[in-house]
Structure formats: C-alpha cells, structure tokens
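Take a look at the structures below.
Two complexes, one shared chain (chain A), two partners (chain B, chain C).
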Partner chain A sequence: MKNQNRRDFLKTAAGIGASIGIAGSVKPAKASEKTLSDDRFGILVDTDVCVGCRHCEWACRVAHNIPTPDLDTYSDNSVFKEYRRTDASSLTVVNEFENEKNSAMPVHVKTQCMHCEHPACVSACIVGAFSKLEDGSVVWDGDKCIGCRYCMVACPFQIPTYDYDRSIDPQIRKCDLCFEKRKTEKLPACVNICPNEALLFGKRDDIVRIAKSRIKRKYDVYIDHIYGEKEIGGTSWMYIAGKDFEKLKLPKLNYSPAPGISESIQHGIFAYFVPPVTLYALLGTIMWITRKKKGDDSEIKDETNQDKKGGAL
Partner chain B sequence: MMIPWPVKHRFLTPGVFVLILIALNGLVFLGIRFISGIGAVTNLNDYTPWGLWIGVDVGAGVALAAGGFTSAALGHIMHREHYHAIVRPALLTAMLGYTFVAFAVFTDIGRFYYIWHPLIMWNGTSALFEVGICVMIYMSVLYIEFMPIVTERFIGRVDLPDFISFLNKPVDRFLRYIDSRLALTMFIFIIAGVVLSTLHQSSLGTLMVIAGQKMHPLWQTPILPLLFLLSAIAVGFPMIMFESLLASRSFKIKPEMHILSRLGVMMSPILGVYIAAKIGDLFIRETFKYIAPLDGTAWMFIVEMALIIIPFFLFLSKKITNSVLGLFIASAFVIAGVLVNRINNFVVAYRPFFNPVEYFPSFGEISVTLGCIAMLVLVYRAIVMIFPVITQDRKDVYNKMIELDKSGPRRWI
Partner chain C sequence: MKKTILIISPLLVICAFAISTLFSQNKHQGLNETVDKLNRNVVVSGKKDDPLTEKISCKTCHVTEYPTRKDPGLRSCPRDKMLSGFPSSKTGPDVVVINEMSENYSGVRFSHGLHSQMSEMSLGCVDCHHYNISTEEILKCSDCHNKNRSREEVSVPDLKSAFHRQCMMCHKQWSHDNGCNSQCHVRKGQENNLVQKDFTGKIHPKQKEPEKMIWETNYEKGKIVTFFHDEHIQLFKINCKSCHGNDKCVKCHDKPLQPTDYSKPIHRKKSFEEHHMPCLNCHKSENCQKCHRDQEMTPFNHGKSTGWILKSYHSQLACEKCHGGQMPVKKIDRNCSSCHKNFLPGKFEHKKTGFVLSETHKDMECKSCHANNDFAKNPDCKECHDDKSFPSQLPGKRK
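Right, the complex of A and B next:
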C-alpha cells in the first residue's frame, strides 16, 4: 500500500471499473418471470367427494418407484389417527378431519406440492434446481441440488422433504405431477386412479370456473372460498371444502406471491451491480482522500511500518 | 517499540487441553454425520430443515467475523493509522471465521460433494446464492489479504531443510516478488473485501424473508437485511476487543488499552443506530403487541434486546471504556446479543405450521458446533505463535525469548 503512487491507483481503478461494467451489462436472469402458458393445468380437490380411500397414495408410490405395500392394506383406517405430512417416501398423503355437520362423514384432505404459480422454491434454490415449466408443473433437478434445504425453508406449504438418513445422494422429494409419465399418459397417477373423481384435472381457468359453480350449486355444503385460487399468488392445486381451511391444516396465507419481497430486495441491492460498484468507487475515493501523507500522523506514531523486515531472532 | 511479532508462549496449557477434548468430541459426531447422514446426528426434520448449524455456525459465524471488514474500513480505507495494531488480529479472525463458516456449510448441506455447484449454477433470485458467492469470494480475498503477513514472516528467513536448502534463495526471491506485487494491488482487495462484506452481511438477512408467514412477526420484516448489516457492524469492534483482551491475558501480554478504549468510545453511537432501527421497526410494524403475551418467544426477543441495550449504556461510561474488565464485559454483552439475535432469526423465529415437535438441537449438533469453535481457537493460537499477527512491545518479546531459550532449544514455535 505504502509504495503505491497516484498513477498506479488510477490505472488499476480504471481497469476494475471497466471489467465490472462488462459484468453489469449481462442481465441477471429472472426465474420467476418465465411465461406461463394459458393452457397450464389446474387440479381441483373436492374434499366433499373424497372418501379417503388413499388409492392416490398408493398410485403415487408406484409411479415414483417407491416400495409400497399391497393396495388392500390401504383400507386400514387406523393411519388417520395421527396427522401425517409428506415425507421422503410419500409425496402425497391423505388426512382425515372431523366433520362437525355430519360426524359419520369425516373430511379427507389430500396434500402434495401445490405447484404454485409463483413458486418460492424456484426463487429460493441456490443453484436453480427447481424450475417452473410452461404447463405449470414445478420440477426438481437432482443433478444440480446441493441439499441445502433452503427450498424447504422457503416453501409456504412446507412441502419439499429431505432424506435425512442418507449421507450420499440424499434426495429432495416432492410431487412432480408425474412429469415423466405425462409424456405418454394424460393424467397424473393420483388423478388417474381416484375412483370417486374427487380430483379434477384440466386447464386451470376451467378448473376455477368449475369450482365456482360447484360452490354455487351446493352453497349449503361448501364455504365460499377456493383455497389456492389466490393464496400466495395462486397455485395449480386448489381445494374446495365445507370447513375452514385452516382447520384442515391448510395454512392461512397472504395473496401476494411468496418470493415477492425477497426478490425485490435482491434486485434492489443488485440492480445491475450499480449499488456495489458505487460503493466500491465511494470507498476508493475515501481511501484516496484520507491516504497517509508524510508527517501527518498527529496522534500516535505509526511504528509498525518501520523496522519490520529482516532482523535476527 | 511496538511491533507485530509471533507470540512467544507455550502452546499447551490446561485450557488448550480442554479445547482439544471438545474438538475431539465434535470430530466424533462429524464422522457420524458424514457416514450416516444428517439425520443420524441432528434433530432436524421435514418441518424444521435448518437448525443450530445454520443459526450459529453460519449465521452468527459470519456476523462475528465482521471485525475483519469494519477494522479494514477504519484502518485502511479511512487511514486511521493508529488502529493498525488491531487490523491484523481482526483479519486473522475473519479469515479463520469464514473458513469455519465454509466448513459449517459443507457439513450442513446434504450433498456436500456438490458444494462447488453455485460457482457455475447461478440463480440470481436466490438470497442464498448471493450469500454463497459473496462468502466464497470474500474468503479468497481474506486469504490474499493475509499473504503479506506470511511473506513478512519468511522474507530473509527462509530456512528449508538441508536437502533442499539450495531452494532458499529462489523461494526468498519469489516471496519478495509476491510481496511487491501485493503491496501495489492490496488496496483493490481491501476495498473489495468491504464491499463484499456489506453485500453478504445484508443478504444473510434477506435469507429468512422468503420464509414469509413461517417467521414470527417479531423478526419477519422487510428491513431484515438492514438489521443484519447494522448488527454485523455493531459486533465487529466488540469482537476485536474481546479477542484482544482474551489473547493478552492468555499470552501474558500487556493489553492494548490505548486502542481498545478508543474503539469502546465509538461503540455507543454504532449500537445506537442498530437499536433505533430495531425499535423503529417494532413500532412501524406495530409488532410490539407480540411481546405482551410474554411467552418463550417474546422472552427471547427481550433477552436479545437487553443484551444490546445494556452495553449501549456501559460503553457510554468513561470508567468502563478505560478499564480492561469493563471493556471485556461490555463487548461480551454485544457478542452475546448478536449471537442470540442470529439464533432467534434462524431458529426461534422459524415456526412451521402444524409442527408436532418443536426443534431443539441434539447433543450431536451442539458437540459439532462447540468442536468447530474449539478447533478455530486452537488454529488461531497456533497461527499467532507462528506469524507476526499480534502487536507487542519489542523488549518484552526479547525477554520472553531469552527465558524460553533457557528452558531448552527452540526455534520459531
């Protein structure tokens, strides 16, 4: 530092300015602004129709090559005693809730990744392992993932799960809407197997319309709210029910997209690298102005610079 | 005359022995983590994916290493030369601190062998990406900033073993070359270090913003990045004071009160800004109502604030800033305050919906954290005994060396 003269300073400073200028002109990619197709899908879960047979759970495991017991064993209702969430071996689960209006007919709610319209997981993932496809599905790329579990922190529905028991190649797992399967078959496994047509698969706009008309038709059964239509900016999976959704353990969420605030802060700090570069220039200027002038050490003599090198020990 | 010089002292003391035991205990659990997975050691689950390791090792670790950039800003950028004596220890703390953070990240991420992925796979919208990249670059900058201390230690003193002793001259020349290049360009790295620090210290705050309603409203605020930056700046000097006083006690060196007291005097205004932002946020978002129920979470908030407000008043007193014990206690308060703040932000405030079991760190998690801290202290101790980091009185150094020479043949260490 001490040897440096003015010319060197300016030369190097100019060099840095130029290289950062080039870096700054490369526009940062905005993952969340990918265009969504108007035909993107939506799925309606009609909790009034669902009988809790859990066939979807079975079909999901089979479709994702997760070992599963016989379908017959799924008629055992004792699993409903405890609330279950998705985990590394169940990408979807059905839970049972009490029905105050008719105790003989409990309410069943299937949960899985909601395939948000503005997915927090896509925005948050450190390496961009999640992506929102044009058809609406949100999929995970295991070749990129580093296992940081930030997606789990970010997801408003706390859906992604992690293989805590594996040291090598642990997976982040969540519903992928049978993305691979749907290349050949039309429907995801769960929708395909549902014997009661409690799951309705179609264009999202159509699904919203159908949900609305069902609510209107059976206004004495349903509460007037489509869970997922607006929550967190909208989701692909939507629910209608006769009971407050929070009591069905679907969290009460805002209507603004989940990644909104975080992304605007990020873009504020990094707006085309202007703030960091400005700060750099500012600090450089301060450094230049306050640089040590000979004999200017008013308060304490700086002795550290002299007599520093060499010397026997 | 005051010069930075390798500390002359015994390495092993009873305290060091205890540290070694703590480190070994941590290593055992680290081994289990890498063999059997994160679940085998931690209490983390699908509801609570981040715990002690992110909160303390990464969150608090980055904050407590902030002394590196605050002292560089003061000493190098504002050219307050009389603070130079603290720049080196602070630099070493930052360098080791960030190494510790990087290792913590390596331990905590599931696919540790992919830790390099963010270098080539970018996601500009991710706050974590931002933190990761800045920390990686900053760590390299810190190692570069430390280089002159290494060259200083060896220039003119290269003494390789006999069979390669013919290399002494070339190595010496090489070191001199590096040293001269570094002297010319160091200012680039120093400024870059400060810029990178402000960036990632604040982005660390942005991290939890995306958790949205899962974060307790006492902590979930859009100004989290600002609060993180201000608290990192606030804890920088206290960390330097704390360490310096601890080191002088452990090595029996005279504490550098003439510098530390000046730092102490600066503390109240710095803490004041942070406290004002924190309390202002509380009132603007009207979240003070969440303190009223006085439940566990509210108490954590109160403790956090108290640990910052108490030293604010302590540092106002001349008596305290002029006394070794006073400075030590006041800075310990600030450090504890920021530590609790980071734990609160990353662990306490994170409340998953419908969570059946509240997270509390397991014995293994705590062991790993303590073990890593112990290793950090041991390496710090070793480095200040090898390299000229701590500024001491030249006469004292001579006397100590003569004393040590009497007790047997000994070279540098």
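Right, the complex of A and C next:
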C-alpha cells in the first residue's frame, strides 16, 4: 500500500518536473498556501495561570493513542528536575522554571508545535507532506513524507520529531491540534482538560485582544509582550508571562516569517554553485542505504533516481 | 540521447528551482504586507485594540432575549457603587458542595465557613466574590462564568477555571503540589478508598497580633525601622486589609506539608515598591529618615511628633474626632475655632479651660493676651503690663 502511494507520488513529481520543462513556470509540490481565514484560531498560554498539573500531557497522549500511565501519576513533580523536549511520544510537554518573585509559585510553560502563521516546516518540506490549513493548523500527511527530516531542521522551535523507534514506516510527529478530534468535539484535548483554562482557545484576533487586556490589567505581573503575536510572522499559539521569554526557553526570533531560513539554505547552495542535485543525490544515497536493509533493491534504486528530480522542485 | 538528457535535466532542475525560489519569496512579501496591513488596522481602529473598551456580549448583562429601554432585563450585578457590605463570615454556609462539572474526579466539599473566616485575615469575602459586594444577593459563580469551555466570548474565564484559579493559587503555594487527589478531589471510582477530610464546624485559631516590629535594613543612613502594629490598629484604626489585602496563607504556612523536593524555605522577593507601598500609602514622605533611624523609635507621642501636647480634655479624644475618619489623617491648625466653631469672642466661656478670668479681663479680645490667637503658647502680659508675667501673676484664678 505504502509503496503504491509512493509510486503515485513519484509519478506526480516526475510529471510536474516535465511540465516545468515545457511551460517554464513553477507549481511546487509543496503545500498550497491557502489564504488564512479571518476566523482562524489562536491559543493563549497564560503562564501566570498554568499550575503545571500536566493534565494536558495526559490528555494529549490519550487523544493520539500514545500509551500513558494513569492520570494520577502526573502529579509527580520530580519530572520538572530536567528540562524536557517534545518527542515522538510526548507531543506536548510542560516545563518548570524558577519564579524569582515567589519561589512557591514556579512558572510552568507548555510547549508544542506553535502552528506558525508562515510555517517554516511547510516551506521546507520538499514533497508537500506538511500543510497549513485555512483554520490555522499545520498538519502532516504521513503518506507523502519521504523521511528527509528537512522540517526538523527548518522549524525554529525544533518541534517535529522523528519516531526512531519505529523501524518500519517511521513517522514525523508533532502536535496536530487534534485535527481529527476537532471535527466532532470543538476543542483540542489539552485545552479541554486544563483545570485553569491556562490554554485559551478562540479566534486569533480575540485571543490577541484578550492577551493585551490581561497584560494591561495585571501590569505588575506580566511583561508587556505577547510571544508569538509577531515572532516569525506570528504563531497560532501565543504566550504571556511575567518572566523574560528567553529564560523560559522560548527562542528570541525575528518578526519576519521564517521560511526565509530554509530558502536561504537553498539560496546558499546556489551562491556557491553547488547543484542541488548533488545534495539530493547524497540524500538519495543515504535513503537508498537505509532502504536497502528492507531488501527491495531494484525498486529503491529507481525511486532514488527520480527523487532527485522530484525533490529539487 | 541519454547523455543530453543527463546534462539537460540538472540544468532544467536548477532553472526551475531558481524561478520557484524567486516566486515564493514574492509571495511571502505579499503575505507580509497583508499581515502588516491587518496589524495596522488593529492599531488604527483604536477601540478594537483597547482592552478597556473590550467587546462583551449583550448576554453578559442582559438576561432577557430582547432587552428594551423600559425592560432591560438586567442581571443583578451589584458593582462597587451599590455596595453595602458583606454579611459576616459566620452567616454564610458552612459547606458548599461543588459538583457541577465533574469529569475525571468526583465533586468537592468546600469548607466555605472555614475559608470565609480565614479570609478576614486578608481581603475578606471580596477575594472570591469579586464584583459581588452586596448584602442583598450573593450571585452564583455560574451566573457569570460559563459552564461551557467552547464558547463565543472567551474573555471571561469558564466556570471550571474560575473555581480552580480561586483555589489553586493559594493551595499550590501552600502544599507545593498539584495533586488533585491530595487536596480537594477524589478520583472517580476511588471514592471508597479515600475519605475526604471533613472541615465542618472547624475554625482557624485566632491570630495573635504583634505589638511592634523592628527591621534591620541595609539603608546606609538609618538601618533600623520600627513599626508599631498595635498603634496602627488601635490608635489609627487602620483596616487589616489595607496592608494585608494581598496576603496568602503561605505568609505564615510556608512549610511544605510533605517532605518533597521543595523543602527549601519559600523565598519571596519583594520589589522596592512592594516593600514600601503599605507605608507610603499614608506616610507620603520623601524623607527616608522618617522611618529609617539609627535606633529603635519610641511609640507615637502627639506632643513630640506634632509639637502640640495633648492635655486633659484632648488626650481623651479618639483621633478621628479632630482628624476625621479617613486615612491619611486630616492635618488641622492650632486655631481653637477651627474645631470649636462656637469659640468666638464674647461667646467663649473661659472657665471651660479650667481658668476663670477676672472681671477686668473678661471682655477683652482673645488676641490681647494670646498673641496671634496662638493658644498653644503662654499668654503674653507684657503688651499691657510692664511688671507682670505669666504664669507667676495670673489674670484670674484656676478652678
């Protein structure tokens, strides 16, 4: 099944390659950038309200069929000793940071894919496995993914993770904002369970307005900045906090959209006149070696060869 | 043939790629502009961006479907202007059962009586019953806080979070954990294993108020600050909440209940403002040495601090009799007639002061003896009598 899809994909890729040759115009295979809806959602993480119960982590696992221990075990505070990152079995994690103003109230910060307004992962993905939907969510299609892991490099928040444990059909994993679940239930699992509504889900415009009003009302609590309102052109998830965002491990980023980053890598390649084909040939070889283990030599060779063309688009 | 394809295909690919890069850059530029415009729009329109004129849905205030001018159908919402004070903490319910939204956990038995009694050490009922300062009707939390998390108007917290925020902001600091089971809830299905503590009829032991407090500060020009707590309460009648309004339980209960990693003593860093504000609210002074001294201060003495020694009659009076009930106190001058409106020449009965004027002095103007009408100073005899002085010769007799 998988191989069948793959062949289909390669056919499309080759077809596009050919049409470029003829028409001289470009229709990249990557996700079409639909105009974002005015009603697209935004989520505010109010770190002053989050108590670090980690129920969101539990709910996320349950919603994505990831095995999890009982909810009661999540009240164990010892996990906060080390800084944790999202991984294939934790699409969201809550970390704890010191609160200089009151040590009894440490700051908790939930992290997950930010669902950027101009997602670098979407731009970086050479086969269009990532797409930005009209409602704001950034989703990933496993059938299209070739496992090049460009998205992992491109993402300024280092969010997409590779499911290394699954040798067959490995998956890129990241928060999908409960895309499937939201078709029937309105809220993502984490937002739904949060006891304090530290995660506020609504229209992005409303969320920004509310964040501003909270900062204004509790001016002695919050820093006057909404992280994610403008960073890399804006993100769907936004944060307000009483502590410097960099100290909360939210990276300091430009206000211009990040796709520039991945594109400049590719520009760089041009500048030094390294034909991208060389790069893809290299990548292809690596893939070929990994694939070879599965023992389907002839077909793989054929595919890698075509990957060069398809990939460069 | 094969060769040509081999040479041309990478070139084609490169060309296509170059075009695609240019193309996509332009597109982003376009997007940027749109986003910029959108942002500008928000700023320009002002109202939209101003949190204080934030849009609220009509239903927040109007209960009826079609409110009219005659019948606006307003929800009872006593705001600050209408407040007439809360009933005493003792009149509220002792236990309130909250089980409106239990999902994973069973409902909570909230010891309302104990909490309202404890709230008197801080902000009082208003700490939880915000916007609802009334003796007439206590609104239910669910009157304003929506039970539904997925809702149109999200600026007001939903009911679940309204409850949790009230409880957890204190409880988390106090117990250093977030265990739902350990504090308020019982996990569904485990009701039999855990017995929830019963706080019915429990009260917090009475707090002993300190008389005076002495701080050693690092201020160079005066390290010692003395604070007379008893004076502020008994003499100046300062309301507890004007200083303790933000206090939480941890102020005293700063030891973790269980030995956890959080066994370090709680450290609360107060800013310069936070440290000084409670005093500066009334003591509006730029002079640090007013409080920062080299040694401990002595208790308040009206004569020493103001230069006006309170004698017999005045020393019996409550401060507000002269200085008004408001803090900071009203400053008053030394003219008797500022307070004693009937102390006018011809009307004043001098014997009230304990001194009966002789016949010759009785009808004279006050300022003839009390220069400049300053009644704090001794009367001056020299104006009229070269050979008389006060108090060796008296213009009358003591009563």
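Going forward, the second predicted complex is superposed on the first by the 228 of 313 C-alpha atoms of A that agree within 3 Å, B and C clash if a C-alpha of one lies under 4 Å from a C-alpha of the other, contacts with A are read in each partner's own complex, and residues count from 1 in each chain.
The rule we apply is simple: a residue touches a chain if its C-beta (ideal position, glycine included) is under 8 Å from a C-beta of that chain, and two chains touch if they have at least 3 such contacts.
Given the structure is predicted, the values throughout are model-derived calculations rather than measurements.
In the superposed pair of complexes, A:212 makes contact with chain C only, with no contact to chain B. Of the two partner chains, neither chain B nor chain C is touched by A:221. In the superposition on chain A, A:86 makes contact with chain B only, while chain C stays out of contact range. Once the two complexes are overlaid on the shared chain, A:147 sits against chain B while remaining clear of chain C. Contacts of A:253 after superposition on the shared chain: chain B is touched, whereas chain C is not.
With both structures placed on the common chain, the touch criterion links A:127 to chain B but leaves chain C unconnected.
After overlaying the two complexes on the shared chain, residue contacts for A:158 are found with chain B alone; chain C is out of touch.
In the superposition on chain A, A:66 contacts neither chain B nor chain C. Touched by chain B in one complex and by chain C in the other are residues 28, 123, 259, 263, 266, 270, 276, 308-309, 313 of chain A.
Residues 1-4, 33-40, 42, 44-47, 49-50, 73, 76-79, 81-82, 84-85, 105, 108-112, 114-115, 117-118, 121-130, 132, 152, 155-157, 180, 183-188, 190-192, 194-195, 198-199, 202-203, 206-214, 222, 225, 258, 350, 352-354, 356, 391, 401, 412 of chain B are the ones that touch chain A when the two sit in their complex.
Put simply, chain A touches chain C in their complex at residues 17, 20-21, 24-26, 28, 33, 49, 51-54, 71-72, 75, 77-78, 81, 100-105, 117-118, 123, 186-187, 191-192, 194-198, 200-202, 205-210, 212-214, 216-217, 230, 233-234, 256-257, 259-260, 263, 266-267, 270, 275-277, 308-309, 312-313. Looking at the complex, you find that chain C touches chain A at residues 9-10, 12-21, 23-25, 27-28, 31-32, 35, 39, 42, 48-49, 51-52, 54, 104, 149-150, 154-155, 157-158, 160-161, 164-165, 168-169, 172-173, 176-182, 187, 250, 254, 260-262, 264, 266-269. Put simply, chain A touches chain B in their complex at residues 1-4, 8-9, 12, 16, 28-32, 83, 85-88, 120, 122-129, 144-150, 152-154, 156, 158, 161-167, 169-170, 249, 251-254, 258-259, 261-263, 265-266, 269-270, 276, 279-280, 283-284, 286-287, 290-292, 297, 299-300, 302-304, 307-311, 313.
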